[in-house]
Every structure is written in structure tokens, then in C-alpha cells.
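Have a look at the structure below before the remarks.
Note that the chains are named A, B, C and D in the order they appear, and that numbering of residues resets to 1 at the start of each chain.
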């Protein structure tokens, strides 16, 4: 809920492809990963949020101008079909983030068009699908995203994502993970871009029930509240000609 | 000169359009702004650099694969013709920065394709063409880019660039400027992106002899040395599958 | 108010010396600067805060263990009597910040013991008492401290504080000011230290009614809400021996 | 060697206590840890450095005003005897860092007086003496401290240092380590404080021959070159009264 008592409007975007192609994924996420993520928000935040979903398959991927204008925080999970996201929609989301919408970028969405547009780097990383155990360590204990999160917490089985992760140095680094194989990863990264806030969070492989895990739901719920911007405006900032100096103007 | 005694290879890129369209600009920069900037490097750094120029009008804008592969640090000045820079060339420069080439982004190049690709924001700002006096203040006194730079130094007449400047928070903020009209601007900003370093420096309007000024030449010479990366590689990083954990691999 | 509906407990600390020594200061702040600052919080935040004051002259400077334990956010104004603050009390406040209490450091408190302990630098700056007009520019538009703050806003008469300000680079730089004389200053700076958040805000000279100004009250009210930490603990972190590895422990 | 061809003057400070108390340590470091560290610099950097040592047991701990004035970069290893370092000497080193001397803080010196003075936090951490294998991963590939350093490299046996490490967020995070037990640690951290640069590097326990390892010597040699400041001045910055504005002064 924001300071004026309105619920935060969250849109959970799902690529929604693995769910149709893999029995394993469908068994874990029978209504789609986006529905599980959305349920997590409803369960954890109750009437402090108003949650809807959108998917790749919908017209305009479910992200019309109206939907985005009525979204305070967008979450993005994608993996197999990054290239199927229309450039114009990616640009629209980009503009909306710069004008103040919060964005949570989840797991394999490190390679999404929207995240790469915002970061300006390749967003490449090291990876392994081998049932690694992941430990998530807090390195910013006063940060609101860590509120109520155990230090560390364990994800029993997870895809390994390791360094070097080719991102700009985060404005605030919140979590670092280790894996059974010895790799490390900056798994929780905060950025400000324009008037918007972006949180990348790496746990969340489609073949494990990561989004059912209470610690993960807690992190994402905290992140929604952190990413909410009460001053979100309609459009990204344009350059402004200022023909008279401020001192002159005022005298 | 790098640690092994080789000169740093600098390519000075100029849009080179104002020089043909405006008598005022041509009077100040009779051989083009890029030649003045290049001369500044030669004068200040002598045999520690090897300097060449490239312009928009050349084939591939003078930035072939070979030229970029042989460039340690690229400087970029553009204003009127950002849209005439081929997307493929901008992407090529982007890749080269991520793989370790240094980049100095000058003045109105805040709106260049390459800078916007690297920043992920609009890079918009406040501006006024009104002969403002600019004062450049150092806010990072131990930084190598400030070596030998007076605090503050004055640019007698300059276009005003003011906040809000829509950029990611710099990794290191080096200079802040004030203007006669009372505006302020983050005028010297350092970023790391991929394996490359980027320095944005705002002084440098085409209708003033800013690049003749010794303090400006000092800043740019320092920045070339700072941006040089001895480990610059051939290509930006790609994701790496790492099928076996490091601990397992070593036992 | 925090997420559980309790008001944020704010303690406004005032040095309270100028008020006794100067007719000018007493005329502007007849009940002491701390009372004006406290009133600003009550006026702007209403029942979202519970505000008390404490002053240098009280036993333990009004900052007993009990008072600090019951303080979520402390504000600190001092100037003439930094050296009269007992080292043990400064250390106690330092510990309390590291364990999660928010701290707002105001104007001349840049030279307070507590701020210097937290920063690790000299915190020296450039200054002039000459009725400068200050313009405060926002450089982080999505930051909660800027919510509802005009860009820029003017402080009609203020002591000049200029760069170089010898502080660590802020974790988030929120405001930059310019002055009539042409100087600039990083006037709004956010830091995390331990589990606590620190905000330095430079406006606030004792001979001007700065703390009566609505924009200033808005910034400080926003900063109190930003600095509040729901996870604030009893003591700063101590080193922890961890005799068994996490992986071993769990298998 | 600096840009003018003079060698960088390095002083290696050693607590030099374990070496007298432990046969194990003396067997690994027969001439003291400081001599091994000093040899590493001489071996790796040759005539680009001029290296001397100083120890706790010497008058003024070997860190007289003259020694510090003639030191460009100081390295600090301590563990058992932090409290025996005289406060006045710690303050002197602190002042010298703020005025531009580089400082490398090694391993257990995270708890040294000088590091805590500079950081302003507790600098506490998690630890275990249990022959963990440490993997050191680079997270800032273009950074000069990583030049020529394998990614990752292994330290076969090392004391575990784990998060949460209570430090300010580094200005640049260069290395993250993992341990056999699953812990992670920000093992290479860069800071600017005043005009000086500080690098904390965690490998280096006294019961293992870590400072004989080529990768470690390479990191430390790179760090010395990074921390060198050609503009190092005599004293930390004091506040400056600036009675006349810069604009007025110049008209």
C-alpha cells in the first residue's frame, strides 16, 4: 500500500512457454509461473497490492499503454522467447520504467530485451543446470528488500548462475549467492534508471518450485514495496530548454 | 604510454558537420573540432599517445573493424547528426567498449547513439545557449582524471547544461559545474561497462574555443590514460556454460 | 508510520547554544532550533511520527541508552559545541546507527563527532557567511527523499557551503546546490552504515529561518521515512565464529 | 613507477607477533610476513617500486612522520595486536591516507584501528579456521587490479571470512570469494577516502603460505599501482573560508 492508502498495482508478466512445452514445468507450475508469482504477492502482501498477470501470447503481450499506465511495479520472467518480444513493446516498457514504474527482473530475464536495454551491457553470465544447492547471503542488512529474510537462506536445487555477470556495478548490492560447485553470483541487484527502480533477482528456474518458497516470496514482496515510486510520471524526461537563468528569472 | 612502453592508441571521432555549415565554428576550428582535440592530445601527452582521427563522412564513419581493433581509447563528439550514425556502427562501437576499449563522450554527445546504448536512459538534460560562464569544481580530488586540474577552473563562455541530467548515477563523480544562471551539472562522470571504461565530460560547445583551453586538454589527457585498459579483449563477454563445478573439477 | 501502523519515533537533537548567545538566532528560533525542526515533523507527518527533543545541556545530552533504544530516527544539529559532546555519547550514537537507527545530519553538523566517526574523513568544506542565495537541484528524481520537492527550490539567504566537501562518495547523491557566488555543493547525501541509514542535508544556518521553509520540511519529513529501518536491532554486529560450513551443517 | 619515472615508494607494515609466537608461522614466514610481502613486490614490480618494511616493535611502530611522508603506498597486516598500535600513530596514518597516500589493508587487518577509522563501521565478519578452499572470482574485469589475474583462482587452504562483512558498500567491488563451506565474501574492495585510495584484500592467513602465491602477488602489485596518487599532498584537507564568491572575484 502506498502512503495514501491505495494498493500498489503489480503486473506479473510471464513468458508462459515452458509451461506448454514441458511436463516437468507444468507439474510444478500448473497455472503458469506467472500465476504462482502472482499468488505469492497476494499471499504475502494481501490488500497492500492489487495483482494482475500478462503473458507473451496476449495482444501486445498484455502490455498495452493502458495496462502499463495502470502498473506501479512490473515483474518479468522470460527465458526461451526473448526474441519474440516485440521491440516496440520492449521500448514501451523501457520508457515506462524511466518514467517511474518499478521493474523486477527475474532469473533468466537477465537476457530479456528490457533488461539489456536498461543495463547497456551484454548481461551474460556463467551457468549450469545440475541441481546445485544455492545459498543466498545478505550483504546489505539495513536494506528494505532484506526485511525478514534469513541470512543465509537455502534454495535446495537451482540452476547455477555464476560470475562474471556482465552488468553495471549495482547501485546497491543486496544479495550474493554461492553454489555447490563453488561459484558465486551477485543475485540481488538494485538500480535506479530515470525515475524508476529496477531489482534483478536471480533465483527462479522453471524446473524447480522456487517461487513457492517463503523466503523467495518475502524477497519479492519487499522488492515490490521498494520499487514503488509515488512520483511516477507519464513519460520519460525530455531535454528542456531553459532560456533564462534561474537567478535572473527570480530578480 | 602503457606499462609495456607502447603508446596508447587514441582515435578522435568528429561529427564534422557544424564546421561546414557555420562560419563561426569554422573560424574557431578551421581544421575541424576533431583536429583540435587530436592536437590537444599530441601536445599534452606527446609520445605517450598515437592519435588519429575519424569522421562521420568517411566510409563506415571511419570506424571499421580494423580501426576499432587498433584503438585503445575512442573520443566522440557529435551534435547535429546523431541519427545519421549507422546503427550497425553504433553497435560495433558498443561491442568494442564492452570488450575493453575506453570511450570519452564529449558535450552534446550525451545524445549520441553510443552513449544512450551504454547508459540505458534518455540522457536528456536542461540547456541554454547564452554565453554562461561555467565553473568546473572537482569533487573527487584523488582521482587520476583530476591530476593537475585547478579547483575550480573557469570556462569563460559556454552553453549551459543543467540538471536533471538523466543518466545512471556515475560509478565515480569527478566534476560538478555551475553556470551564471545558477544551474548545476554533473560535468565529469566515470562509468565501467563490461570491460570498458567510459568518461562523460560536458564542456565543449562548438561556438567557443573550449578545446583550446589548457585545463580542458589536461582533463582529456588524464581521461585517456584512465580509460586505457591493458586487458582489452577482442569481443564482449558471452554467456559460458560451465557443466562441472569448480570444486568437483579440481578434485 | 511503519508498515505495522506504529508511528516512527523521532528524536530531534539540538546543540542549543546559539539560541542563548545570539539575539538574532533567538528572534528566529525563540524556542530553539530543535523545537522548530520538531514542529516541522509534527506538521508535515502528523500521527505518522512521534517526536521528542533532546539537547546538549541535558544529562547525557538527553541521549540515554533508553532514549536511543526508543528512537527510530535521530536528527542532529550542532555547530559551536561539537567538542562538548562527550566521546562516550558520540560512540553510543554511533553504535546505535550501526545497529539500525536512522540519522539525519543537518548543516554544520558536518563537523560533529558522530558524522566524522561514521564517514572516516575530515568532512571539511568551503564556506562563506554572506547571504548567498542557494538553489537546490534534484539529481535523483525517483528517490523517496525527493517526493513532492520542487526542482529546483530556492533558499533566499543561506550560508555558502562549497566543494570540495571531504566525504566518501555518497551511496546515493540526491541534491546538488549552487550559490550566488558560483560555488556548488553536494547538499543531499545518502549513506548506509552497518544496518543504519544516514542522510546529510546542508541547508539550515542558524541566522536564517530555513527550517520554517516548507520545501525544507518536506525534505526532512521524506528523509525520516526513508531512514526508518523496521529491522533495527539492539547492538551493532560483532564478528561470528562459524565453526562448521553451511553445506556440511545441512547434510 | 609513476608517470615521471620515479619508483613508487612502498612501505610494508607488519605486526610481526605471530612470527615470534608460533613455530608454524615462522616455518612459513621465516623472515616475517612483511618480508615475504615486500619480496613479492620486488619480484613482481622490480624497479617500478622501492620497498621498505616497518613493524609494530620499532619506535613509533616504524611509522614516523618522515617515513610516512616518503611513502606513496602503505600495506598493513595485523591480527593479534591491533590494540597495541598507538592511537596517535593510527591517527597519523589516517591523516596521511586522507592526504593522498594509498593503503592496502590485508586479511585480519579488517579489525585494525586504521581500517575502522577509515570505514566508520564495525568491520566485523564471519570466520572459521578449518582449511577451507577459497575461490576468488573477479566481478570487475576491466579494473586495473584484476590485470593478469585468472578468473577464478584458487587458494588451496585459507581461513574462511564470510558475510555479513560490516563495511560501507565499496566504491568498486573487485573480487568475491567462495569457501568450501558455502560462505561468500567481498574479498577485494576499493574505496576513496579524502585524496587517498584504500584497497581491502582478504586472503592472507598467517598459517598458510598465501603471500607466496603468484596470483596473490599479482593482485597486490596491481593494487599498489592503482593506489598510487601522483597528487598526494602534505596534509588532509581543512575547511576553507572563501569570503568572496568566485563570480565576484573574477569580475
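As a convention for this text, contacts are C-beta pairs under 8 Å (C-beta built on N, C-alpha and C of every residue); 3 or more make two chains touch, one makes a residue touch a chain.
Please read all numbers here as calculations on a predicted model, not as lab measurements.
Using C-alpha centroids, which chain lies at the maximum separation from chain C?
It is B.
Could you report, rounded to a multiple of 5°, the rotation needed to superpose chain C's C-alpha atoms on chain D?
Chain C sits rotated relative to chain D by 180 degrees.
If you average the CA atoms of chain A and of chain C, how many Å lie between those two points?
32
Between chain A and chain D, what's the gap in Å when you average each chain's C-alpha atoms?
So the centroids are 37 Å from each other.
Going by the contact rule already set, what residues in chain D reach two or more other chains?
133, 135, 140-141, 152, 162, 164, 169, 171-172, 180, 182-183, 192, 194, 237, 246-247
Any idea which chain A residues touch chain B in the complex?
Residue list for chain A touching chain B: 94, 98, 111, 117-122, 124-128, 130, 132, 160, 162, 164, 166, 168-169, 171, 179-183, 191-194, 236-248.
Across the complex, what residues on chain C touch chain B?
Within the complex, chain C touches chain B at residues 133, 135, 137-141, 151, 162-165, 169, 172-173, 176-178, 180, 182-184, 186.
Which chain C residues qualify as touching chain A in the complex?
Residues in contact with chain A: 100, 133, 135, 140-144, 146-148, 152, 154, 171-172, 180, 192, 194-197, 225, 229-231, 237, 246-247, 250.
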